[in-house]
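Per-chain residue numbering starts at 1, and chain names A, B, C and D are given in the order in which the chains are listed.
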Amino acid sequence: MDEMGDYTATEMMIVASARLLAGERVCFVGVGPPNIACNLAKRTVSPELELIYEAGVFGAVPARLPLSIGDPTLVTGSLQVTNMFELFSYFLAGGLVDVAFLGASQIDRFGNINTTVIGDYAKPKVRLPGSGGACEIAINAKKVFVIMPQSKRSFVEKIDFVTSPGHLGGDRPAHWPGSGPSDVVTGLGTYTFDPQTGEMTLATLHPGVTLDEVVANTGWEPKVADGLTETPAPTGEELRLVREELDPEGAYTR
Amino acid sequence: MDEMGDYTATEMMIVASARLLAGERVCFVGVGPPNIACNLAKRTVSPELELIYEAGVFGAVPARLPLSIGDPTLVTGSLQVTNMFELFSYFLAGGLVDVAFLGASQIDRFGNINTTVIGDYAKPKVRLPGSGGACEIAINAKKVFVIMPQSKRSFVEKIDFVTSPGHLGGDRPAHWPGSGPSDVVTGLGTYTFDPQTGEMTLATLHPGVTLDEVVANTGWEPKVADGLTETPAPTGEELRLVREELDPEGAYTR
Amino acid sequence: MTSKVASMRDAVAELVRDGDTVAIEGFTHLICFAAGHEIIRQRRRELTLCRMTPDVIYDQMVGAGVARKLVFSWLGNPGVGSLHAVRRRIERADPEPLEIEEYSHFGMVCRYVAGASRLPFFPIRSYFESDLPGANPNIVPIESPYGDDALYAVPPLRPDVTVVHAQRADASGNAQIWGLVGCQKEAAFAAERVIVVCEELVDESVIRSDPNRTVVPGLIVDAVVVEPRGCHPSFAQGYYDRDNRFYLDWDAIGRDPEAFDAWLKEWVYGLESHADYVEKLGEQRWAALQPGEAWSEPVNYGTYD
Amino acid sequence: MTSKVASMRDAVAELVRDGDTVAIEGFTHLICFAAGHEIIRQRRRELTLCRMTPDVIYDQMVGAGVARKLVFSWLGNPGVGSLHAVRRRIERADPEPLEIEEYSHFGMVCRYVAGASRLPFFPIRSYFESDLPGANPNIVPIESPYGDDALYAVPPLRPDVTVVHAQRADASGNAQIWGLVGCQKEAAFAAERVIVVCEELVDESVIRSDPNRTVVPGLIVDAVVVEPRGCHPSFAQGYYDRDNRFYLDWDAIGRDPEAFDAWLKEWVYGLESHADYVEKLGEQRWAALQPGEAWSEPVNYGTYD
């Protein structure tokens, strides 16, 4: 699936996401690729990273890769389990989260996210899961990394429903607790946001991906950084960690 | 101290208070005489009574009489310890408390209570402890029993500060969660409140106490029930329980 | 104290009524599928089902026709995908419409807190510039009385019945949970009636040996049901693992209405009780879900006399 | 992880500054007198001291002159009577005035919750027709956005420093408490800086054996001070009893300014550290405070790999 040289598109996304965590301290994390990225970062660029799982666990040491956002392996041997009220009130709204990962079914050029419906809310074409904690994460985490697959259906001019606010129309209020999405990682490249206009800006292309491919998979005329570069390919050590330690069964990465 | 026949005024107050608990289910209790009254009631008129201590303990089985409102003997062997937020939010404001005991430094004829200051708030003659949980107990407990010593200084026409609302001027709003004080027990007698006017009404005189004594120790013209009777004296069994089991050192009762 | 121990059949028959608002809570952990199945078996109707994460249990209940309405914050099969029976009703009114009332996780949690505290609203720092308040008029803007700080309010949620599954409880319903604790305490205190289901019925002295571990006090509990393995395919920390295979398999079952009906017939209507379900699942499956041992370090509460 | 273990002297020197708002919490239980004494010893000034129940520790601190202001909800020597040093300053500005800001217990608790949650206010069902809102203009009426339900709001409390005493903690500050838990968790999360003081420094593996017991995560902790018996005359469940005799004796000491000063000189200024205080108190006194054993039943978290 999606082979790119000797690694998959998902492996590239996970590795690129992990590298973004260099220098970060506290990360709010769900399961799936963000979980692998965080645990990769702890073994590489960010050994002091502290993880808070949305299920209410701090300092987890998972012995296996969880399928669900809640799993007993996140609990056993962790430092603290907390109830949902305290998790959202004290950890998240309390301002302890430096960065959080969000996924998206649709995203627009300002990083506003839809995970609620495709089509009309009252009569949806596709009913998606909804917010979960995403809406309050998007508002309260100091910054947000988005990991998602990229296509014309997901990178759209206008999202069908704003589940989680990004930079709005470029005018996200400065007094909000968090500053919104800072980075987006897709199967094609990585993006940052223009600090003036709040517009998503292509920063790197993954190895083998062309700018034309990005344009063909973006629902608007994408802004491209002046110094567009290539995403450094995953190193052998990064791939080894992902394949042998973090996702040995390849549930997410193959 | 205050000998009345072969029992003390405090013993009479405790026994009279315990009897009020007949038929009650959930009682919010502090330490001192109310604690003894509750534990006496559990052994006599109200074996199914459930006690919630203000320190955050449900189902305590104290092995000794605590001096303070918080004591390790309340915790060991109890059914649940809860934090202060949940105690006040879920147990008290949540409406689980059928009856609570309050003390008072001053009370007026409508059962409004002062435990804050004697004199002016900004320049008090005597600075009292303040509310603690009393203000929210007075509002949220389904009903309130007041235990206090009686004198012209404590039973006053106008209290210096309303810490905890009683029947206001007789017009306590019916939509408040709790219905306010239903009974007052002093060293002289017991009182109920007129359901129409909210006025405190002398219901019984403790054995050996005269109406004149009550009048001399009340800061207003006290209302007296038509069927004023004598408080039944403590039984031998009640006294035995108080003296041998509940307060063997006589910390509160002698 | 009086024992509140009852069979699941009797507890559901007595305490869950047509038209009730019902919360079977548990954040992936301790989701009481046994209670959900019994509600299906007794063919309750017109329920309003509340859960942060409806999970497969509400897919089963909604597909079985017990619910008129769903109140939730994240609607999916965790780690797998969609709840197809729920989606059919929302997207195509198939076989009938399903009313929904949607929040975020923080909103749902605070609705339970408000319900438990008898607060008329709870203020939270969320929903700014989201379309959620537009989709759900119960989410309203509110100002701080101390300045121009703007928040949103959510209304209290007070279920008629909350079901809490605990690892251990005594006969009065004092229940202890470890591992993920979600919002069970809040959902229980918010409810009019509470059913505690437990893996193990223990003597009161076990509860009393560690009162800080008690999540639900017997004070608010109406019935105690002893139902070992009652959460499958969800999990009970220290008792059995999450059956991820079931969740993965459910995707195909839930997607196909015929397979869905056949599954219900075989695993719910065709069985008398959860004990039958446990037996039918088979010891081999249970053995694979058996965790190893990792015991807590005990603490001394001390004696004081 | 990096160790945060420090001496009480260094922790107070570095983390408690003149003019700070300080909360040494604990509802009768786990009140860290050792921290209070060190603050007195280092002659901090102009502090705003916050506690639900100021207790004897704040009587000592207020009488010693460290505080400009007191924020509280119940001002007394529990089970005994008054805090005389505090009363002298409030009633007679003796030797100097003391500013006060007064709430009820529910109000104080919810101020910490609001502080921990970064909420600009917290709504509570209290203060109706009480004179407290008149005495404290920070307690203001508020309406529900859903109707004419009236409540009162209290503002958030965000201490510069919160001190939490725990039975056990690891070197990163992950702290576990059992027995009365008061509002320590909320006060810690609400604070800018947190000092964890513990009876026992334990290996991280002890904390990890029972993550549901952790009250304060190391994430928010700045220093860990190992100070056995650091709560006397308050108590530590399972470690030492409340020293009621001390509380009773304090009445006469606090009542007499000369006796008060002599006590401070003998028990605080005259000693280098809490270890000296423990020794000076004498083993006979400590032996009388030693509880018997009442161990919690352990629970299995299970292993999953």
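Keep in mind that, in the parts below, a contact is a pair of C-beta atoms (placed from the backbone, for glycine too) under 8 Å apart; a residue touches a chain by one contact, two chains touch by 3 or more.
Computed from a predicted structure; not experimentally measured.
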Pair with more cross-chain C-beta pairs in contact, given B-D and B-C: B-D
Chain located farthest away, centre of subunit B as origin (C-alpha): A
Geometric centre distance via CA averages, subunit B-subunit A, whole Å: 58
Between subunit B and subunit D, centroid-to-centroid distance (C-alpha), Å: 28
Separation of subunit A from subunit D, taking each centre as the mean of its C-alpha atoms, in whole Å: 40
Per-residue multi-chain contacts in subunit A, two or more chains: 57, 71-72, 75-77, 81, 89, 93, 177
Residues of subunit C engaged with two or more neighbouring chains: 113, 117-119, 124-125, 178-179, 181, 185-186, 209, 212, 237-238, 241, 291, 294, 301-304
Interchain contacts, given as pairs of chains that touch: A-C, A-D, B-C, B-D, C-D
Complex contacts: residues of subunit B adjacent to subunit C: 26, 48, 50, 57-59, 61, 63-64, 71-73, 75-81, 86, 89-90, 93-96, 177
In the complex with subunit D, residue positions of subunit C that touch it: 117-125, 140-142, 144-147, 149, 151, 153, 155, 167, 176, 178-179, 181, 206, 209-210, 212-213, 237-239, 241, 291-304
Subunit D partner contacts - residues on subunit B that touch it in the complex: 31-32, 54-57, 66-72, 75-77, 81-85, 88-89, 92-93, 116, 121, 123-136, 139-140, 161-165, 168, 173, 176-177
Interface residues, subunit C side, partner subunit A - complex: 27-29, 52-53, 72-76, 78-80, 82, 86-87, 90-91, 102-106, 109-110, 112-113, 124-132, 135, 178-183, 185-186, 235, 237-238, 241-242, 244, 247-248, 291, 294
Subunit C residues touching subunit B - in the complex, by the definition given at the top: 1, 113, 116-119, 174, 185-186, 189, 204, 207-209, 211-212, 214, 217-220, 301-305
